[in-house]
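The block underneath contains the structure these notes are about, expressed in structure tokens.
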Amino acid sequence: MSGPDLRAVTLVEAVNLALHWEMAHDENVVVLGEDIATNGGVFRATVGLKEAFGYKRVMDTPLAENLIAGTAIGMATQGLRPVAEFQFMGFIYAGMEQIVSHAARMRNRTRGRLHCPLVYRAPFGGGIHAPEHHSESTEALFAHIPGLRVVIPSSPQRAYGLLLAAIRNPDPVLFLEPKRIYRAVTQQVDNNGEALPLDTCFTLREGEDVTLITWGACVLETLQAADRLAAQGITCEVIDVATVSPLDRDTLLCSVAKTGRAVIVHEACRNGGVGAEVAASIAEGAFLDLQAPVVRVTGYDTVMPYYRNEQAYLPQVGDIVEAVEQVIAL
Amino acid sequence: MRQRHEFHVDSVRYLDEHGHPLDDLPSQASDTERVLAAYRNMVLTRTFDAKAIALQRTGKCGTYPSALGHEVIGTAIGQALAASDVFVPYYRDQATHLLRGVTLQEMLLYWGGDERGSAWQACPQDLPVAVPIATQCCHAVGVASAFRIRGEARAVLCCVGDGGTSKGDFLESLNLAGAWHLPVVFVAINNQWAISTPRRLQTGAETIAQKAIGAGLPGHVVDGNDYFASVDVLDAALARAHAGKGATLIEAVTYRLGDHTTADDATRYRDAEELRRAWDRDGVKRLRLWLHDQGLWNADLEQQWQAECKERVEQAVNAYLATEPEPATAMLDSLFETLPAALAGQRERLASRSGGGES
Amino acid sequence: MSGPDLRAVTLVEAVNLALHWEMAHDENVVVLGEDIATNGGVFRATVGLKEAFGYKRVMDTPLAENLIAGTAIGMATQGLRPVAEFQFMGFIYAGMEQIVSHAARMRNRTRGRLHCPLVYRAPFGGGIHAPEHHSESTEALFAHIPGLRVVIPSSPQRAYGLLLAAIRNPDPVLFLEPKRIYRAVTQQVDNNGEALPLDTCFTLREGEDVTLITWGACVLETLQAADRLAAQGITCEVIDVATVSPLDRDTLLCSVAKTGRAVIVHEACRNGGVGAEVAASIAEGAFLDLQAPVVRVTGYDTVMPYYRNEQAYLPQVGDIVEAVEQVIAL
Amino acid sequence: MRQRHEFHVDSVRYLDEHGHPLDDLPSQASDTERVLAAYRNMVLTRTFDAKAIALQRTGKCGTYPSALGHEVIGTAIGQALAASDVFVPYYRDQATHLLRGVTLQEMLLYWGGDERGSAWQACPQDLPVAVPIATQCCHAVGVASAFRIRGEARAVLCCVGDGGTSKGDFLESLNLAGAWHLPVVFVAINNQWAISTPRRLQTGAETIAQKAIGAGLPGHVVDGNDYFASVDVLDAALARAHAGKGATLIEAVTYRLGDHTTADDATRYRDAEELRRAWDRDGVKRLRLWLHDQGLWNADLEQQWQAECKERVEQAVNAYLATEPEPATAMLDSLFETLPAALAGQRERLASRSGGGES
């Protein structure tokens, strides 16, 4: 090819681009899910794949998430690299037994004889005025499952690079796409098939006073909060965790060693969210560095309200700013 | 040595596409009041439906699943159910909800993003709209079990889409209904599509009704655009349930005449010609033609009723639009009967923020 | 009745006793699950119920956990108080969608019109030499679900009193029974129908130097560790969390305010376990009181090994002692 | 207007309880070597089974599910499968595993609490034992899909218990097999019990085979204690799958002659008389009688073969008992292909503790 294939794309387009790239370069990659072939996915993430790679490799399934999860496992044990879509994260629970009891365990169970190089994709999170069950952020349920990676991109570039890494990874990855920012920004992506590293946080912004730790759509509000705080002379280090499990504690602890303060931001409800693990890890690992308690800015411990009240549930820029001011004041 | 075990399902139709009887109509056809009430409910549902879509298009309502094409079977279900029965819906049962007493305003609140839209006053035991496909089937057998345990001669009717019949919940529940002889009627609303997935990709079975066989239950295919066939099969199945004779699966064949929801564009995956042919089989038109033929309905009555429907819907829309959102604290207040101490702080925080919006 | 009905019972017998009591006193209580009627449950927890209350109220179901979970919901909406058993926690995942999307949400969804006064019981945890999937401790998955209570008894008395409370509770409760200690000890239980409070930690032992926080079967090793440490002159406050969600943070924070140190012990794997929430809550809420980092003694972040190696996975008394010595040294 | 849609399943038997043909035997009966190999495998399975139970009773093995009563169907499956096919077992398929090349020692390791018992050398593509009931059915359709996608003429055979046929996984997978015309054969091993739950409480259906109908698949009931009937139906179903003609459901009727597992006591819930009658229908005895009648087997051969089985099992037990447990670090080493950095500390901790036992 001549020169880089640069494209200005949204996050969801980057997902689509990565799928196209990998299907073209690895014939073992197949895609399955509800409405993903002919319709191209309800969010258009898989559009064009069926036309490019045929119905054999791009499969509309019957409506059964447990079946989708389990079929992908069966495929993966035979050397395919299935990328299975849950139409919304709110419908992943029916697939839980397959994910927890099989996808995450097949390699360990068979001492490496069989393994599951598969990706489960699901749009997740609230803020798009959707009906009930269309706004889930339950990444914590999966982060607790040994053998499973949970990866969350928060920009088009990271969506592209991390999805390629996820598909190439020899072990199962739950790839959660923050649908609130599916089309929020456009970024130049070099369509060169280069993956980004898994298991690694991305430091989006360096700062001295406080470490802001977040992932997914909340990266947006967190960066905005960092801007506002910069105007007040407070510099924030902003870290996108990206792989929420296994957790790259080193990057987090290094940052807190420098700043002495941490604020965690996530949309999921607080109790038992991934923020709890992050906070516990920092509180333990950076005990002597901490000048203030690790604070969490999160959703409330309740069901995501229907859309008239969903903004009242979601962490806002002001909440993050307030939390930072609080920990700085200590 | 081979032995054969034989099974069957039957399929039922009474009216052709022009509203002409193909056969002697069932006795329900002579209940003029019931038939007229049915027709009126179909038109009301259709009027509401069009309005809800319009509201969504102008940003005044959330994603909405049109019931266009479901009015006949939905109405037949609403009529067949006794008030003391429990209805377990999926999310495209507007026609039935109306007959259960759910108000237009409640329906608007629900799709308008307000939980109070499920706090139905008129049918407090009916289950709310189930968004996760087919999950409601398990609830239906639970409700039916409760009736059986208490020795009540009540029945449950549960709707599920053709797509939903592929999901374990439906199949497991059907099986339990058979094993426990439960007073439940499952109606699989086969509108030929599950979003973009055509019926033929859901299952290799010729009919959905035959899924009853694996559960040891009777299965019927009915033309869900044929009001008389629908009420006939439903009345019989509910009578069976009320009499303690067990469960039934009914496949109601119809067609989703609209997009899947307002978030969908069916032209991406659906043939215009197929849609046109489906309109020819529209059951509302079919019943209207029959009523005309009987001299029970005419253009004047139609116009009057349409005007009345518009008026009712308009009033409901106004009431809906005038409804203030709940305070943000509502998100915690119905989670448990009593707010656990652990959540008191979060409630205080919500209460202290005006509306909970951006600060 | 004349005088108290005192009985020396094991934990699993206490469960059985509570079920008998409540079924006798509330005709809305029904019991369902696999092998629970004729067989009396694979652990004998439901033995005698069918004989006492009949097959109508004590139901052997077909083999389908999703169905069991959902059927109980339907029953509960109509005023019954179902107690549904998952034969092992390892088989609860198929019921996850029903639990998360319906049991925990029905009241909120209908603004109180319908609710789910039900109990899901499941034996959980390892250490009994069982095959794969029979040793799960994934309470964290459920603790993260708003609208659900997660209750774990750790003695016959608490099993009796907490199960009564769970059945009477108007909202759904996941009641996890630590099967490793099903028959470990016998305790006098007064079969008087008196419930114990939910949402409340139980302080099993008072101490000054460190707060040991645990639940379930690990209470046993934690108390043993406290004994050993007492011999070294270190006094431990031992708290049985009992209701792991919603979490009684007040009791925990009060204790740490006194001791200045906390060690959390649980059998589940560490990453994203309930210990993370406990640690994060203490690190935030008792920041100024803490003289040492909050330390967690837990299972490893892996699938529970088959039984030849399960003891290597499970937290041992020595591990707890070592952790306490560590935090005391700081 | 009523129409009827008709369906059927058939049921097949060749031998009566005394090993006497009820009909002309299928061609497989003339393949003496195959029949003798089958009988030998049944005896080996039964010998192993008794030993595994004895080991458990003396604390040398974990909870073990006896295959007593499953030897015939399990052997027939093992013979019907081609080496290049994939077997997707549940947990009572010892007879089949042996024919796939799984070693007695591997089986002991597995039930003895050692993960290496699933690292099968001889059949690396077969799926491991599935403990969560019916979940393996979804894997089976996934494996079959992989074959179809790659255009390979290989087939998958998946076993599930009668209890397992109530679980969504089985029903969903059956449906997919029908919708996608997958090269998969499901064998529902109906041994009449799911722990203490009798077959009649699992489903109201007269047969399990008829669950095929709802998926649009052919269903067969076969006497799973009748070797000839079993191989006949299995060979045909696998031939169908290999030829790309789609999936089949076979209900193999047998009886669980032992307790559910060594942790169970079936006398609590099962009638002694029922068990006695089931022994009359034992398929191993039935085949032995037939072999005797044909002059292909006799008491001497029986004694020799039993001695050989004992010897093989004894050797495997010795090897098993001599196998050191894995080091504790093994619990992390196969979790991922490469240990993530986040787990390095935990691995160090495990490595630093001698065996990881109590300190």
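By written order: A, B, C and D. Residues from 1 in each chain.
Please note the rule applied: contacts are C-beta pairs under 8 Å (C-beta built on N, C-alpha and C of every residue); 3 or more make two chains touch, one makes a residue touch a chain.
Molecules present, by chain and UniProt name: A, C = 2-oxoisovalerate dehydrogenase subunit beta; B, D = Pyruvate dehydrogenase E1 component subunit alpha.
All figures in this text were calculated on a predicted structure; none of them were measured in a lab.
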(Q) Which of these, A-B, A-D or C-D, gives back the B-C interface, meaning over half of its contact pairs coincide by residue number? (A) A-D
(Q) Based on mean C-alpha positions, I'd like to know which chain lies farthest from chain D. (A) B
**Q.** Separation of chain A from chain C, taking each centre as the mean of its C-alpha atoms, in whole Å
**A.** 31
**Q.** Inter-chain centre distance, chain A versus chain D - centres from mean C-alpha coordinates, in Å
**A.** 40
Q | Inter-centroid spacing, chain D versus chain B (mean Cα positions, whole Å) | A | 43
(Q) Distance between chain A and chain B based on Cα centroids, please, to the nearest Å. (A) 36
**Q.** Multi-partner residues of chain A (at least 2 other chains)
**A.** 62, 64, 66-67, 90-91, 93-94, 97, 101, 108-109, 132-133, 146-147, 246-247, 271, 301-303
Q: Name the residues of chain D that each touch 2 or more other chains.
A: 115, 132, 166-169, 172, 175, 179, 201-203, 330-331, 335, 342-343
(Q) So in the complex, the part of chain C that touches chain A is made up of which residues? (A) 66, 90-91, 93-94, 96-97, 100-101, 104-105, 108-109, 132-133, 138, 140-141, 143-144, 146-147, 245-247, 268-269, 271-277, 279-281, 283-285, 287, 290, 292-296, 301-303
Q) In their shared complex, at which residues does chain D touch chain B? A) 1-14, 22-23, 166-169, 171-172, 175, 178-181, 201-207, 209-217, 221, 246
**Q.** Interface residues, chain A side, partner chain D - complex
**A.** 30, 56-57, 59, 61-62, 64, 66-67, 69-80, 82, 97-98, 101-102, 106-115, 146-147, 170-171, 199, 246-250
**Q.** chain D to chain A touching residues, read off their complex
**A.** 86, 88, 115-116, 118-120, 124-125, 127-128, 130, 132, 135, 137-149, 168-169, 172-173, 175-176, 179, 330-331, 334-337, 340-343
Q. For chain A, which residues count as touching chain B in their complex?
A. 34-35, 38-40, 42, 60, 62-67, 90-91, 93-94, 129-134, 270-271, 300-303, 305-313, 316-319, 322
